[in-house]
Each structure stands twice: as C-alpha cells, then as structure tokens.
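By written order: A, B and C. Residues from 1 in each chain.
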Amino acid sequence: MSVLEVTGLEVRYGDLTAVDGVALSLAEGETLAVLGANGAGKSTLLAALAGTHLPTSGTVLLDGEPVTRLPAHRRVRRGIVLVPEGRRIFGSLTVEENLLMGRFPKRAGPWHLRAVYDMFPLVAEMKDRRGSVLSGGQQQAVAIGRALLANPRVLLLDEVSLGLAPTVVTQLYDAVRRITAEGTTVLVVEQDLDQALRVADRVQCLLGGRTVLEAQAAGLDRDTVADAYFGITRGSRTDPTEA
Amino acid sequence: MDWLNAGVQGVLLGGQYALLACGLSLIFGVMRIVNLAHGVLAVLAAYLSLVLVEQGLPLWLAVVVVVPVFAALGYAVQRGLFNPALAQVGGGARGGSGGGSRGAGELAPLLVSFGVAVALTNLLQVVFSADTRKIPTGGLASAGLPLGDLSVGVLPLITLAVAVAVIAAVQLFLARTATGRAMRAVADDAGAAAMMGVDPKHMYAVATALAFATLALAGVFVGMSTQFSSGYGDLVLLFAFEAVIIGGLGSLWGTLAGGVVLGLAQTIGAQIDPQSGVLAGHLVFLAVLVVRPGGLMPRSVPA
Amino acid sequence: MSGPAAVAPSTPPATPPTAPTVTRGGRGSWVGGGAMLLVVVLLAAVVPYAVTLGALSSLVMLFALVILGTTWNLLAGYGGMVSVGQQAYVGVGGYALIQLADAVGAPPWAAVLAAGLVGAAIALPTSYLVFRLAGGYFAIGTWVVAEVFRLVTMQIDGLGGGTGLSLSAFRGTDRVERVAFVYWFALALMVAVVLGTYLLMRSRVGLGLTAIRDDRVAASSLGVAVDRGRRLVYVAGSAGAALAGALIALSTLGVTPGSIYSVNWTAAMIFIVVVGGIGTIEGPIVGAVLYWVLQQALAPLGTWYLVVLGAVAVAVVLLAPRGLWGLAAGRYQLFPTTHHVRPLAASATVAPRTGR
C-alpha cells in the first residue's frame, strides 16, 4: 500500500484554480520529484498535502487513512512534514531551538539532534546563533534538520535550491540523498532538474496545475521534461509507470 | 529625607507597575494584540477577591481562587474573541487588503478589546457602584519596616518581590520549556509553527491564560494598596503601558526597570507638587518617546 | 458575509470593449445624493419649525456625533491609525471655544472655527510624538496624551481648574435665537465636514491614503509620502474632533475637564464608525444616527447603556466587520470614492502572493 495516495486534488485561491485534478502516489521509501515552471502549482500542491491550504476537492490518504481536511498542526503529528518554500526559520530562536521545534510533535524514530548535527556539521557549529543571522544555505540546512527531527513518515521538500549558490545546492542534495537512502519517503519539488534527478526515483511534471508528464527518473530524456515544462506536445508522453 | 523616602516608595511602586505590565507585554509579544481591556480586567480581579474576602475567605485563599479563574477566563477570551478578531486581520474587514498579519492590520483585535473594556468598565460600575473600595488586608497594607529613619511598607515590598518572582518565572518558562519555545516560535511565524505541529490558536490562548493569571495577581495587589473603583482600570492600563514603553520593549526585565522609573517619576513628582504625581509619570513617558532615536518598533518576543 | 454585496455588481460585458471602462458612482449615487440633499434641506428648513427647542439641542449633539465619527473614520478607516485619544482634541476644542468667545471676544461662529484651527495647531507637534509608536501602542499612546491634556488643563487656574468653565458669550441672547443659531451653524458645519472629508478622499491625497492603509511598505515604495499623508490625516481628524468639541461646548454652554476630556467620546466615535461601517463616508453617518437614537432610547437604562454599546461594538467587529452600511448597501456608494474597473476579458486577475 502507498504511504501517500492523492486523487483528484483541486486547490483554489478564490477564482483561480492553482491545482487542478492532480493525482499522485508515493510508495514506502520512494522519492518522487514534482517538477514544473514558476506558478505551475507545485507549492500549492504541497500546501494541500501539508494542510496549510485546504483543497476544494479530492482526497489525501496517509497510510490509507484520509487526512484531507486535517489542519496542518495535526497532520504533522501524523507524519506529513513540510520544509516550506523560503525555509521559514524562526528568526528569534537559536539554531538549536529551531531544530528542537521538530521534536514538538513528539514523533519517535531514527532522527535525533546528534544525527542531524552529524549530517550538517556546520549547523552544529552555529547551534547557539539566532536563526535570523543565518545565510540562505544554513537556513535551508536547519529547515531540513528541523523537519527530520519530527521523524517524518513523508518528507515534503519545496525548492531546496531556491536562491542558493550551486555548490551549496549540491551539498544540500548530498544530504537529501542520504535521507532517502535511510528509507525515508520523500516528495521533492524542484525547478533544478539535475538536482531533482539525482535523488528521484520517479518524476511528475506539472503545468497550469495539471500533471503533464509522469516518468521513471532513470534514463529520462531531458528534452521530454523540458517540453513538459513549457507545455510543448510532441506526442512523446511517457505512460505513468508503477513503482 | 522626604526625597529619599519618595525614592524608596517610587522603587517599590515600580514593582506593582512591572507586575501589571507583564501580561500586557506577553500578549503583545506573542500575538501583537494590544489588549485595551488589560486595566479593567485587573480591576475585575480586585473586585473578585474583595467579594471573596468579604465572604469570609482568607486573602491568600482568595488569590488562589482568583488567579486560576482568570487563567481560564484568559483562555476563553482568546478563543472566543481575540482569535476570531485575529482571523479577520488582513481578511474580510476591508476587502482584499490581504497580505501579512503584521502592520496596519491590528484594527479588529484592538477594537474588540476596546469594546470589552467599555462594556466591562460600565458593568463593574453597575454592579459595584462608582464608590472607591479597598481589599482589607488586616493591617498588612499599613505595616512598615523601619530602615534608618525611613519606614518601608511591607506590602509594597512583598509586591516587588512577587513581581520579580513572576517575571523570573515567565522568563524561565519562555526560555527553557518546550511550550515556551513553541510560544516564541508562534510569535515569530505562526504558519511555520503550525507546520511543526503547534496549534497557533491554542498557543495564543495559553499565552493569554498566562497573561491573565499575572494580571489577576497584579490586580489583587492594586486592590490591597489603592482605593480603586470601576473606572480605575484606565489608569492601570496607562501605567502598565508606560512601564512597557519606558522599559524599551526588549524584555520583561526591561519592563521592571520601566516600572521603577515610572514609580520614581510619580513619587518624586508628587513630592514636588502633590497634585502632579500622575502627570509627572506621563511626562517622563513622553520624554522617553522623544529621546529614543527612531521611535519604538516593538520586537516580537518578550524573552 | 455574502448578501447582496456579493451578487450585485460586475457582470462582464458580453462583447469586450476596446478599452477597460472605469466608472465612479453611477445612477445610484445620483439618486442617493438627491436623497441626502433632501434630508439636509428638510433639516435646515422644516425641522427647526416643527420640533421643540430641546429636540433641536439634541440634534446639535447628533451633528457633533457625525463630525466625530467622520473624522475618526478618517484616521482609522482611511489612515489606518486607531487613536483612543481623540478626546484630547474634543477637550481642546471645547476649552478653546470658551476662551476665544469669552476672553478674546470672537463671535461664536468664528470661535468655533478658530477652535478647530487650535486643534490642528496642537495636533501637528503632537503627531511627532505619537507617530513614534506603531499600531496598538499608538492607540494607548494617544490616550496618554489625552490624559496629559486633561491634567495640564486642570492645573491652569485660568481654565477653571477641576471645575471647568462656562460660556458667557450668549448672555443676554434670547434662548430661541441662541438654540436656532447653534442648530443651523452645527448643521452647516456637519455638512461641510462630511463634504470636505469626501473631497479629501477623492483627491490624489485620498487615494494615496487608501494605499497607505492597505499596505504601508508598498505605498512608500510607490512614492506616496507615507508619513506626510498620515500626518495630514491626523491633523485633519483632530481638527474635526476639536470642531465637534467646540460645538458641544457651544450647545451645552460650558465644559468640565472630566466630561469634555472623557474617553467616552472616543468610545462613541469607535462605536459610530465600527457599527456604521469603517472606511466609508456613509458608515459614520449611519452609525451616528444609530448611536444617537440608542442614546435617547436607552437613556433610562443609565450605565447599562454603555455596557450594551461595548458589547454591540464587539459583536459587529466579529460578525459584520463591514458594519451596517456594508451589510445594507454592499458596494453601492452615495459618495463614490472608489473606481470600478471593468476588465477587457473576464479573466480573473489574481496577484501572486508569497507566504506571509
């Protein structure tokens, strides 16, 4: 059974339909990359999964149980943990306090403070600094570490690469690889195709709130993805593949 | 000699103001609500303990009853009134002005708390008349410790000690406990805190419960030391506010310093002209406003 | 919160015109404007001959309430500044009137207008003080200032100390003549203040103010001089409160520091604006009429009246934040300050928004 099973999801902002009938499914330990241009609806999809913006229709099942209308704070306790776009670090809390917020839902699992510090040694060095003084890359590391301490059943990552230097992005995705290697089920949203393909088992492309491409990551033709990005049809759509 | 006495009384008075200011500062720090009903609520607590004492309860027991009752009241007021008001911020009230909840959007909570203040002040007047009252303390309020040529009031001394203890406790709670940490996280970014499993509405209500508990305690001390009436809440609000601003909005310890400065200004002012104590306090507050460069942009967290 | 507001307007044209059409007001505004004019004419020409002197005095209070509500709305509804200290200027206006009429010897009408100017002159330096406080702290800060005004007034022997002053300029004037004069003058002043506020809101300054209210950061980046605009609103709104205070003193023939500087004036202003409908010209008028009617009707309740008032204000803020005018009229405006744009195509324009 899938860990996360989404069907017919529709999310709106007033009159604007940002996510329009999206379905997706994540198997245990799998990593799915959701790709798409700016405004494709990726963040909105994650918001609906995390419960920060409730969908108008469709269902979200976590381990077979519906969580569609659960508010965000209760969904975290069930194990859907979001690393949001823009990191959203608590500026007046120290780095360590930021991380400890991940323990607030009190979920048991393999992730502890020590493990996060081992994964991000630079974060460990800064543990007593305030969140507001961190660089973008450091903030992203703290945001990921904070989410890990919640021991997610499903980890949702929104544009880890946003606004960061390529070397920093590479380091962060090295960490993501280790997280997926630990068996954590992950959904990454990315615009950076190379990084996404480094970690993903499967790829799903959004355009205008709809799924336009689903494919296995291995051996994926980059042009196909690029076309899907911008909505160019060449009749080369890959069939949805089962994981 | 009189000046020295005024100084000592002023410092002690500062304890009362700091205790009063604690809750105002906490509510503002966590959810950016300025609770204009703060003063009248303190007066309500004073009336409540007065009634209990008149029913024959010992004063300490009245306090033990009133403080938790106010904590519960605070939780209910937050869930029933302030949270719905906050939900309007940036939303419906003025059409799609949208955007963040920081900035011009403090209208609804402010108006709600002002409406509560007006209603409650007048309700107290209906119930208790406009006569001034005082909580009987069995001589405690007039007891003094000799200190050289001075006599230091026992009650003000106790008030100052309680203020220091309460501030220390609240500070420790915010700094060291998981709930306190979550409260600061909600103050920083409620949405992000919700993503970490914190229910902002509940956390706001816990903060208000805590604020109301300290406010009730302060109200009882006011009622023991001062002749109060239903309208006294206005002054209480202004004094608490002035202590917060003079203290610099940085921390609760700053508020204690602000309370002491305000108390000193009032007693020394009254020493110069008995009619002008309160006015002197106000003027020191305004002077602080003038002197502070760039005005005062409140920080979000009182910790 | 739907109601007629949500349904009435904006049916996109079937065939898109070549350019978007921008309209302000419409037929409804003309009809409504005509009705308003009729009411004013009735108040000026018929009512004074049909009711008692007592009723006329009471109507003067209504006109003062409309001025108070309209100018507080200028601050909060358009300028985004919640002042809980406007009683400072009600008091200044009251005292200034009596000093100007009695000590200086100005004719009463001139003394009222001059009292408004005194209010403005005091508000300007005060703004530099209170503008150092943001948001909710601004609210209490203004209250402290009002207390300082009251306490200082009480310290000045020439102003009657704690007992206040009574107006003697009307001594020897026939009572009927006096009440009639005050009535017509107050009516004219109210009309002038409402129209003046309306014109201010329609002006470039007014549009800038709306921008400030909706988003201060964005407005300043758009080149609106945020602080200048807010200061103008604060001074104008305070001048209005002073005018109302002068009218009240003129009508009641005196002031006491306790009542003319009472925070209950601000409570009345807030009730009027919130219940009537914040951020509209019409709302405060509706609110003032309602406040005035309730005041008469609930007078036997004594203090309970203020309990009810506070509770109603809370309920309206929470349940009908656009106030009575918003509920009843939706987007219909007697005094159109906003433009309605009909877009070329029926596409929804949604501004992208980031997190929070």
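Quick note on the criterion: a residue touches a chain if its C-beta (ideal position, glycine included) is under 8 Å from a C-beta of that chain, and two chains touch if they have at least 3 such contacts.
For clarity, every value in this text was computed on a predicted model and none was experimentally measured.
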Q: Starting at subunit A, find the fewest moves between touching chains needed to arrive at subunit B.
A: 1
Q.
Per the definition of touch at the top, where is the C-beta contact count highest among chain pairs?
A. B-C
Q: Would you identify the chain whose Cα-based centre sits farthest away from the centre of subunit C?
A: A
Q: Using mean Cα positions, find the chain sitting nearest the overall protein centre.
A: B
Q) What is the distance in Å between the mean C-alpha positions of subunit A and subunit B? A) 43
Q: Averaging only over C-alpha atoms, locate the centres of subunit A and subunit C and give their separation in whole Å.
A: 51
Q: State, to the nearest whole Å, the distance from the C-alpha centre of subunit B to the C-alpha centre of subunit C.
A: 31
Q: Enumerate the residues of subunit C that touch no fewer than two other chains.
A: 355
Q.
Give me the residue numbers in subunit A that touch at least two other chains, ranges are fine.
A. 84, 88
Q | Overlap residues in subunit B, where contacts from two or more other chains coincide | A | 189, 191
Q | Touching residues (chain side subunit A, partner subunit B) in the complex | A | 50, 52, 71-74, 76-77, 81-82, 84, 88-93, 97, 100-105, 146, 150
Q: Note which residues of subunit B are touching subunit C in the complex, please.
A: 28, 32-34, 36, 81, 84-85, 88, 92-94, 97-101, 103-104, 106-112, 114-123, 125-126, 189, 191, 234, 237-238, 241-242, 245, 275-276, 278-279, 282-283, 285-286, 289-290, 292, 295-298
**Q.** subunit A-touching residues of subunit B, taken from the complex the two chains share
**A.** 178, 181-182, 184-185, 187-189, 191-200, 299-301, 303
**Q.** Contacting residues of subunit C [partner subunit B, same complex]
**A.** 1, 76, 80, 82, 84, 129, 131-137, 139-141, 143-145, 147-148, 151-152, 155, 212-217, 263-264, 267, 270, 274, 278-279, 302-304, 306-314, 317-318, 321-322, 353, 355-356
